[in-house]
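Before anything else, here's the structure in question.
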Amino acid sequence: MAASMDDFEPRVVLPGDSLMGHIPGELHGKMTLGPGLRQDETKIFSTKAGILKRKNPHTFWIDCHQKRYVPAKGDKVLGVVTQKAGDVFRVDIGGQSQAILSYLAFEGATKRNRPNVQVGDVVYAKLLVANRDMEPELVCIDSSGRSQGLGVVGSDGFMFRCTLGLVRRLLLKDCPMLKFLGEKISYEIAIGMNGRIWVRAKSIHTTIAVVTALTNCEFMSEDDMKKMLRKLVAAGFHDSRPKPN
Amino acid sequence: MTSNPENNSSVEIRPIGSLQSCISKPDGSAVFTQGDTSVMAAVYGPGDVKPNKALMDKATVTVTYKPKIGISGVREKALERMIRNTCETVLLTTLFPRSSVDIIVQEIQDAGALLACSINAACLAMINAGIPMKCTVAASCCMMGKDEELIMDPTKEQTKDAECVLTSAIDSSAHSLIASSMQGSCSVEQYHKLMSVCQKACDKVFEFYREAMERTLSKP
Amino acid sequence: MAGLELLSDEGFRLDGRRPSELRKIRLRLGVFDQADGSAYIEQGNTKALATVYGPHEVLGGKGKPLHDKVIINCQYSMATFSTNERKNRPQGDRKSTEMSLHLQRTFEATIQTHLYPRSQIDIFVQILQADGGNYCACVNAATLAIINAGIPMKDYVCACSSGYVNNTPLTDVSYLEESQGGPVVTVAMLPKSEQIALFKMDNRLHVDHLEQVLEVASKGCKDMYAVMNAAVKEHVSRMAKSMECS
Amino acid sequence: MTALSNLEEDFILKAIEESKRLDGRQPYDYRRTKIEFGVERGCCMVHMGDTRILAQVSCEVVEPKENRPNEGQLFVNLELSPMASTTFEAGRLSDYGIELNRLLERTVKDSRAVDVESLCIVAGEKVWKIRLDVHVLNHDGNILDSACIAALAALSHFRRPDVTVIGESVTIHSPQDRDPVPLNVHHIPVCVTFAFYHKGKRLLVDPTEKEEKVMEGTMVVGMNVHRELCTMQVTGSMLILKEQIIRCCQIGVVKVSELTELIKQALEKDKTARAEGKKFGFAESHPKKSITSKVIPEQTLDTSDVEDEVSRIMETAELPEQVSSKLEIKKPGLGQIGDGLTNSWLDDGDADEAEEEENGNSKEEDEMEGAIGSEDEDEEEEEEEEEKKMIVTKPKAKDKRKGKSKAYVSDSEEEETFTLDNADLDVIQGTKSQKLSEELDLTAALKKPSDKTKSRGNTRAKGGKKKWKKEQNIKDRP
Amino acid sequence: MAAEFKTAQPVEYYKQFLKEEVRPDGRELGEIRSTILNVGSISTAHGSALVKLGNTTVVCGIKGEFASPTVEEPKKGYLVPNVDLPPLCSAQFKPGPPSIQAQVTSQLVADTLLSSNLLNYEDLCIKEGNMVWVLYCDMMCLDYDGNIIDACLIALLAALRNVRLPVVTIDEDTGLAELSSTEDRSLNIVNQFAATTFSVFDDSILLVDPTVEEEDLATGLMTVIVTQDGRLCNIHKPGGTPLSTDQIQDCIGRAQTRAKEICSLIDDTLDSIER
């Protein structure tokens, strides 16, 4: 298995490319296909243009710059409450249809004690149900009923939209961008897998700076990012007392 | 003034260019240029669909073609259907039941081979949007002049004295014909000749897609 | 400019008015029983009729009920016989739709919309005879109709137009004066606070003259207010009297 | 779908209070504005931040309007393309669309920016109609200002064909023949849109879409560089004071001169590029450095193997079979080929008119009442037998049905074809077979064609059929 | 049982038949429904024809009118084809503006007329730069059972061959056109053509002359238009299942045979009334 890892190189693929040549033969039949890959009879095809990647010998997927979110189970997303309907809230998470979020899916909520959620509020929630034939369903608690950081996002700060590719990059372990930014500016951030990011910094001024920095780094290499950040900081966008994040 | 400065020798295709994510609103967008012909396409989806248009087993694909001058009429409807069916063929619509994929194609400049350019723009926009597809599609246009000479990717001026103009769209996996449209007439043999040149030109477009994507994805 | 002298050397306009003079105004409230409120106004030869229905529950396809305020639905139409050439479409063309939109905006800004959430108010205005200042007549008529319907407003909305000829601003321009290509400024105003609910200007006017013309228009609005207020007072006292009698 | 959340709204409003904007602009700053021209005359693309507008001017010769016989026409149309936003529907103009259209029309047309009198060719007969199409391709706020820039730039860039009038004949010169002439643009009105916040206390120039969503109202100032106001409008459900209007006008003066300068520069640049024979047009203005763009120069295709390929196809292809299906003229003006599948239209009569026709024709008679003898019927039955044999390849045996079998019903277990029997035989009324240009009988043609011809004809309509069977692999996936 | 099976699983139902190389209506895969042509049935039109292709029925009427020619081509008259799919021909068409299918078919017919060089448009000239004939060719579907394009083109062609236009003389003095009541002439049709439509079932099986059911289930449609002498006039494939060159060649072959049949049908039918 380890040997087959070696000759794998991430590469650009287009929809319809057959991946037989790029995936070692001995893995066939026992691998996990991630987003962007499809099996037709015995062959494996890509369905998106992006970079074919691999994690541990069995898992393959395609990374691409996509804007439209397709709900996937377990994703943490940022959504906007658009409607209160009976026992549920309808939440726009940017997918093809609105997600539902039960009144009871909040920490400590009971039939009597309803959570204080208004139309237009932003919630950070986890997808409990997501498949193509059903409405996606959100929860703001984990299996033991704790919020774990999920729930209504505070009334200040700013939420903006970006591509899903950027979100995935920011969520990588030790994302250089967030780290580097954190060295200069202190801020809070919530990243939704659906391409929405909420940021709060000390002042409106710095929040705008963070938002600008994050949106700009979509098509930047690491060095460019650092350069841009330095410029930003030089332009006065930093706290007087930098704190460790 | 409108006479085209580009002088195509018989087997040359005009320069191809593209710009992806050219507009911010749609989920995917691209400008595709072939010489002076330029088309912008945008894709929204898979998104919300009106209940009366929803399909139970697959996504509803719509194409809106916008001419640059005037409002769209019968000719545009025919183009829309051609582009729509072509796109639907390559899209994996069954992955998104009860949703819509809306493709909007805007003519920016018509200097010949407009339909081919529209299909290419739509395909690149779909690639850019990251909607799952079976394969990609490319279209090219080839004409045969009065004395049987072949001109690839003709300009508007050149098509004026064409005996036959063939536009065909090819899929990238089997290199088979997805869509075809023809003006004028030719013999069967000439048709196959045109067709096979078109296929070669489409291969160039496929190569172009790849190079363009490699460039776009070069900075992860 | 067709060579028409809009302002004579003596300083009189074509219809004999002075530059700052309004046309003759006749108005009446409560002309119909059917409607919740109605009013009729004549400004010179421009004649407009306004009716108000509501507030009532949201009907028809005009959007969903709003959870925090009332929907105001305005419809402006011009009778087919209101102009010199017969008008084929009384409403629905671009200009009428624009006019309806403007009326809607004006009244959204002045009616106390927050008092009637999830409901709707319909304002229908009909121009019976058009002779310039159509928008103004409509606003004035609609204001009276709304008052007649008893719907609370922040203040009256009065509208007046003004033009600019030979370095002289004119108040309340007629069709003849409008059609000569000179600038026309239309203002809808709350006369007490001098807040402007709608302002528009057409044709060319040098920016330096704007203030002057605007001043004349707002003066016109206030004059309009005086007339309207008197009529309302008279109407109300008559109503009160008749109630006392009964 | 695109509704703003409360916190976004609050944030934007708070930022505005501190005179800050999301994109780092000052309140009275425009976004980066770029004007490009296409290869064609009168084609202009404007980028204002992320807002994108395409304008195209075109012309045609029309009859003038009755009340203005010596004026050309200018038609302004602004389209909110569904490309620009999901809220825009194709084909139908929303209230917002009408408002923008009217504002653009008032700015461009009512301010008499284009000299329409010079567009007259022959008074009362022929004038130019100039059509201005403005397409909104991407909506990120402030459509009007960018549309107005695009409109005026396109009108100034446009050239119409030159015309000469000699007596009654009008010659329209082709561009090769004579250089096209520009339109007479008197002045360039430009719109500046102000958005109001915090009860009119704060204003922003060039609002983005997000800023437009939280604003209270807008004020549009259309003005030219000579400080002449061309259109002004305050809309939105808000109240403002006279002083604010005046203030907006003053800011407008500065902005208008900036924008006018921008248009002039762009026109000048295009002019020099054309004059010097350099490349121009949109394709040239693609940002080449951007990684999302890609250009490949002219390529040559190797067509050497095309001939081989063509001959391969031509060789492997079977020659089309000769015409083999039976052609039959049933009576003058009524012909039929093929008898593969009959149609069930009007089959209640089931007139076997071919039969009659043949009889009728041979006897050259006008009336054909009840001419069918028992002989025919016998023949028919035989044919039915034959027919059965012929269709043995079909999965199930045919089930003969007596009487009227209506619309063809068939199912997998029991296939029913309908056949003729006595009851089906009907008689059509006499047809006058006459000379030319006679009126032929429609009803005859609408009747069901004969089933019987199958056996009578020599061959069946099977052109190229065999091959079809053979070569198609029939999948039978679960 | 079978009817239910057909309604619930139309694709499976068809597959069962096609496995045996026969279609549910009893045709073989390459078989075309019987074609009936009747010409000159409408005397108010200058030319008319009625075509039945299986159940699909199309009537085409041609009316000539005077018009002024375009400035660019002062000698040429023109044809205005229009395909009408009224609600009476099928439940799938609703009253109101023409359906998309009607528009698309009209456009295809117009394109085909343009590219086929069917007649010399200068024949339609009455007075150069002043007056020409414009022929309004209205094709109306009376019963819709698939393959409308083929039926329309046969009807159109037969109707055009059937056209008799009165001879027009222009009065020198008044400049008015006078129609001759006795003399008329027909059009000189140079080039005849016919269309053959193929549908692809389940991405694999090619069927000729699809019925409406087959069209609905089709994963792709292709129309091959061939002239009498075997030249290709159009290969119209508006998307759908990709086809290989060999498959296309097969279709062309089938279409060529069909075109010969149709042309002789038209010839013979017209001859029959011109005896």
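Letters A, B, C, D and E mark the chains in the order given here, with residues in each chain numbered from 1 onward.
Just so it is clear, contacts are C-beta pairs under 8 Å (C-beta built on N, C-alpha and C of every residue); 3 or more make two chains touch, one makes a residue touch a chain.
All values derive from a computational prediction rather than experimental measurement.
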Components of the interchain contact network lacking chain D: A, B, E | C
Chain E and chain C - chains in contact with each: D
Chain pair, D-E or B-E, that carries the greater number of C-beta contacts: D-E
Taking each chain's C-alpha mean as its centre, the one farthest from chain C: E
Per-chain Cα centre nearest the global Cα centre, belonging to chain: D
Chain A-chain C separation of Cα centroids, rounded to whole Å: 54
Distance between chain centroids, defined by C-alpha means - chain C, chain D (Å): 42
Centre distance in Å when chain B and chain D are each reduced to the mean of their C-alpha atoms: 15
Centroid spacing, where centroids are CA-atom means, of chain A and chain B in whole angstrom: 33
Junction residues of chain E - those touching two or more other chains: 230, 245, 249, 252, 256
Sequence positions of chain D contacting 2 or more other chains: 1, 291-292, 313-314
Multi-chain contact sites of chain B, meaning residues that touch two or more partners: 21, 47-48, 171, 188, 192, 196, 216, 219
Which pairs of chains touch, using the document's own definition: A-B, A-D, B-D, B-E, C-D, D-E
List of chain D residues in touch with chain A within their complex: 1, 3-11, 14-15, 18, 20, 22-24, 291-292
Residues of chain B touching chain D in the complex: 1-3, 9, 11-26, 29, 31, 33, 35-36, 38, 40, 42, 44, 47-48, 64, 66, 68-72, 102, 104, 106, 108-109, 111, 150, 152, 188-189, 192-193, 196-197, 200-201, 204, 208, 211-212, 215-216, 218-219
Chain A to chain D touching residues, read off their complex: 80, 82, 92, 118, 120-122, 153-159, 198, 204-205, 207-208, 211-212, 219
Complex interface listing, chain D residues touching chain B: 1, 38-41, 43, 45, 50, 52, 54, 56, 58, 77, 79, 81-86, 90-91, 131, 133, 135, 137-140, 159, 175-176, 179-180, 281-283, 286-287, 290-303, 306-307, 309-310, 313-314
Residue ranges of chain B touching chain E (in the complex, touch as defined): 74-75, 77-78, 81-89, 164, 166, 169-171, 174, 176-188, 191-192, 195-196
